[in-house]
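Same chain, two partners: chain A is paired with chain B first, then with chain C.
Now for the complex of A and B:
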């Protein structure tokens, strides 16, 4: 479903942000990206989401390449990142209708999708309130609802539980599990080990733009020869980080 | 096209989602500019006389014909009058210091004198006309009207000139009808039709008002247009990119060009409407300027013919498109929001400079100026107000600005897509 082959990205000639990353994510799989700040997680996710072009290497979504089939890829991807803030003066209803029109969602389906999505995240009572009047958690839930408005087979979530309270985080993680069960291919970046351990089928630890370790949680712990995933992460980070 | 309209509608609805945003874009700048234009004469008056209010013209020994003329003539009612007899005036000037102070504060004195203070001014003029109608070639009149003012004050001097030209000249011309007797039949009927012809009156006002407007209105419109374009580009492009909302839009199955086209269309429609509102307010400002102060930036009677109006209405969206292209290319070439804000504000200084240049320049533009983008729009609007358009100016300026705008968009978006 998602395939990265030797992807490189440099913003300047001197510094390479992503250094030859390759991995595959299949249907019904959650792939976790773990790494410290500045490791290149967001850059990598933005490249997969076609917001940025790799300097070299290949990224394919369902066999489609960003160079040729950009708009078709957009129909297949739902991208959520904390760096995206919704228009503060709009209401959830207006935003939903606007994006539905951009994604060509038929009028008949629109109402059902909106009702279902708003009900799931408890947005319905706030549907006509302005975004700037809502809490951080509610804004995040609206962002998720809008990102997945077109029911995309590929979901890319950059730290979706960041800054959320426990209840909202639980709602989000439960939703991710449900998406996985429905067969969506999901890439998830997070700082929270428990979330990664609970959700991810496979994890890549990114250090200084390179994949330092990749596998299931068990495989990574085994590879690092420690007792917990947290310890494995720190050991791998220290071994691979260049001062 | 449907997607462009979707984005366009979204941007328009965003603008109207907050009344503060709507007012800030549509009315506030126009009202502020209008206020500034109206405050200008008051400010000049205050700076030169120390008083905001204008002193009435002190008329000494006003003859009956003058009072009647003032009552019946619109132009004369631009001033207010304080009538004094010779005795009252003599009493007034006894305290010389106080009198000089009044003059410094902008007082005008109009003094009617017929050679002797006991002699009536109207009688003196009447007898003069009687004598010349009796073919007395040696007839002499002692009737004199003196206008006194503080010659050190530019404003008062201008006001005195306006009084002499706008009131006394007309009054003098009217004397032949009111006091000329038999002589008036021979000497005064030649231009009577024009005196009462509203079209001629209207044309007179229009010529004066449009000449003054050509110095002020183009600059005001350019500043206004740029202010609105800069605000909207800042909001629709820079802020949305900064918030990441632009990325959300780009992630949809709609091409970037369509998204940008929808936004550019929205900017153009909003700013065009806003500029038209400003222009209407400027016309309104001129038409309510009944005082017609000598220092008025927009004198009474500003008016355009339909074809002139069309030229300006065509020039506005093209100018806005070019301004939008310049602003968007600035936004896309910079990353930090602070840098974008500073760089977008810089052209405002240019437009302000251009405004003052236009206000004080005494010559017509040289041909080379029509090749300077945006400045040529200002010159085109100025020319239109002066009714000095040439067809090639209009076509050339339209095409140059439109072509340049499209070229900037093409280069900017291509560069952005490659990134």
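Now for the complex of A and C:
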């Protein structure tokens, strides 16, 4: 579903931010990207979401890549990141309708989808409140609802549980599991180990723009030869980080 | 069709209740400066090259109509034809400017015209029939008509033979629609006719006298068809005020809406979401363009309709043409704002980047106004120019169909190019993704190695520059806006008086910028006797003060009206303090002025001429007195209360004092009689007031001093206030016959003389000592 082949990205000539990353994510799989701040997680995800182009290498979404398939790719991906914000003065209802129309969702389906999606996240009572009057958790839930408005087969979530309380986090992670069961391919970036351990079928640890380790949680622990995933992460980080 | 639905949705989003951005200021972008430099370069180029497009594209005229040409003049023309032929050969084809480039200098243009002059001979008995002369000049591309009396040659002979003493009168009529014609006429009269006058004597064997045999009387003539009364007023407004109003409305609304949509969404982080939808980039651009156009068209449509109705245009075609002109202009301006919005990341930087374009387009309007009656057809086909003239044409009842089509197409073509560029830009990640992620920041730090890059230093310089420009131009804009408003009723009432026509007549004869300035101040002198003017000015100053309170509150984010007023240097919490400081300030101002006059009396420059006020003038006197209160307060507010803290927020307090004082002086430099010494004096006075502001912490005292100074100077002693002639005065101070302008300040009034310098320097020393003392005690 998602295929990265030797992806490089450099903002300047002197330094590469992403130094050759390759991996694949299949339908019904949650792929976790784990790494410290500045490792290149966001850059990588923005490239997968077509917001940036790799300096070299190839990114394929369902066999599509490049500028000519841009809009087709947009139909296939749902991208959620902290940098995409909701218009603070708009309302969930307005925003949902606005994006539904931009995603060309037929008028007939629109209402059903909105009702279903709002009910699932408990947005319905707040549907006509201004965004900036809502709590962080509610905003995040609205963001998820809107970014998946077109039911995309590929879901890219950049730290979806960041700053959320345990209850809302659980709602989000449950939803991700449900999506996985429905056969969506999901890429997730996080630095919360419990989320990574619980959710991800496969994890790549990104250090300084390179994949330092990749595999299931068990495989990574085994590879690092320590007791816990957390310790494995630190060990891998120390071994691969260049001062 | 996703693109179409996307466009519709984005346009629709403009009309949903959406929020305003809480934008934070960011540094001016590189592009702002590039645009600004281009604007400056355009201005510079237009000064150097001003005659080039004029000659290239204007329907220039060189010919001269000669009415009742005497035989001697025809003969003289034939003789000189050889010289003219030679000249025009030297300069080549008069329309081939590239070939003539080397031969022509900046000031030579009229002389070249003389080389190409052809004479058109006409006869008439009506020597003053300027309507016919105007027609002849239009028909024959002439700028001048020379009218001889019927039997000119005979009259000259009679005079020479002592039969009559009368000098035959030669009349000249020149076109007024361009300043050039007046100079060309001067050239023709001074060189050609003078040569002819000396020639006729020798050629006809007449005796040579030291006086000229004939008299040349100048008159001007307007070649455009005459309209009068309300119609003329409406036409002038339709060709000047209405188009510029529509331009400004479109520019302003486009700037506020257009820069908000993409740059604003980038700033709020909502734009990426839209980019990720399967709506093509071109549809996003067109959607936003459409939204901006529709929103800006609403007020423009309203104003255009009202203007057309007021101008008496009830023809459906006129409305259609007008709307088309405005719509095309709106689309063009919107496409510029959208492009700028895409390039910038924040609303403020986008608006800063748009400002130079705003200024360029307003400058285009101003150049259009100057040549509105005498423009070349060529301009009708240009983008923007075409719209300006077109709007004026439609409102005055002419529809230039080819002009409408060509200028609209040209403008739309430009718009298309800009839109394509904008769409291209939206494909570049530089303009779509905020790369201020941790990675990017790290990369940047790594790259710069801790030192600030050239670009950063450049950005800082432009940032400082734009801060200065904004702070310096704000008072100018506010002042001119309200003074303009205050003038309208006065000018309208003045236009009904008989003096008006003679004033306009005089104004048409002025040759230099200096003349125009002097004329303007002359009319101010007349207005100062008019209570209506004084009341309007008072009102204007009050409005300036209120504007500043609101402005300061907005810029400095101050809530509460009392706090806003206090932030501008008028703290309201201590009534006693206000009363004492204001009272003392008034006293000080009075004493300072009296000392100045005292010095002038002692040194014998002036004498007191007794009481001057008459019962009839008492009304104007009272209004004039009242005017000085808000006048002093508004100037103190602009140059001290607001400007010093504004600069102090970013720079040392000395910068604020220095800049505000220089600007204060510069603001008065256009007044008549301004001298270098006056500028020094005004700087000194400004520094004195600024230091008093620093000493007292507010501008209550300086406002009173300012008011007292002007009032005492103008209305008690009756001297000029910064070049403005005083009209309503208690005492008449008469300049002595041996008065030295160095001491008295001449036409600028005492502020331009050494007497003021002396008084100000003494006060400055006192204030500096007090300030130093205060500094020591606070330490």
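To be clear about the criterion, the second predicted complex is superposed on the first by the 243 of 243 C-alpha atoms of A that agree within 3 Å, B and C clash if a C-alpha of one lies under 4 Å from a C-alpha of the other, contacts with A are read in each partner's own complex, and residues count from 1 in each chain.
Going forward, contacts are C-beta pairs under 8 Å (C-beta built on N, C-alpha and C of every residue); 3 or more make two chains touch, one makes a residue touch a chain.
Since the model is a prediction, treat every value here as computed from it, not as a measurement.
Q: Let me test your reading of the model: by the given contact rule, A:17 touches which partner, first (chain B), second (chain C), both or neither?
A: second
Q: Go through the superposed model and pick first if A:104 touches only chain B, second if only chain C, both, or neither.
A: So A:104 meets both chain B and chain C here.
Q: Touch check for A:38: first (chain B), second (chain C), both, or neither?
A: second
Q: In the overlaid three-chain picture, which partner chain does A:74 touch, first (chain B) or second (chain C), both, or neither?
A: both
Q: Just to be sure I read the superposition right, which of the two partners does A:119 touch: chain B = first, chain C = second, or both, or neither?
A: neither
Q: Go through the superposed model and pick first if A:90 touches only chain B, second if only chain C, both, or neither.
A: After superposing on A, A:90 lies in contact with both chain B and chain C.
Q: Between chain B and chain C, which residues of chain A are contacted by each of them?
A: Residues 46, 49-53, 71-72, 74-75, 77, 79, 81, 83-87, 89-90, 94, 98-99, 101-104, 146-147, which sit in both footprints.
Q: Taking the complex as given, what residues does chain A use to touch chain C?
A: Residue list for chain A touching chain C: 11-12, 14-15, 17, 37-38, 40, 42-43, 46, 49-53, 67, 71-72, 74-75, 77, 79, 81, 83-90, 94, 98-99, 101-104, 132, 146-147, 150.
Q: Mind pulling up the chain B residues that touch chain A in the complex?
A: Residue positions touching the partner: 3, 6-7, 10, 13-14, 17-18, 21, 240, 243-245, 247-255, 418-419.
Q: Going by the contact rule set out above, which residues of chain A touch chain B in the complex?
A: 46, 49-53, 70-72, 74-75, 77, 79, 81, 83-87, 89-90, 94, 98-99, 101-104, 130, 146-147
Q: Provide the residue numbers of chain C that touch chain A in the complex, in ascending order.
A: 2, 5-6, 8-10, 12-13, 16-20, 265, 268-270, 272-280, 427, 429, 432-435, 437-440, 442-443, 446-447
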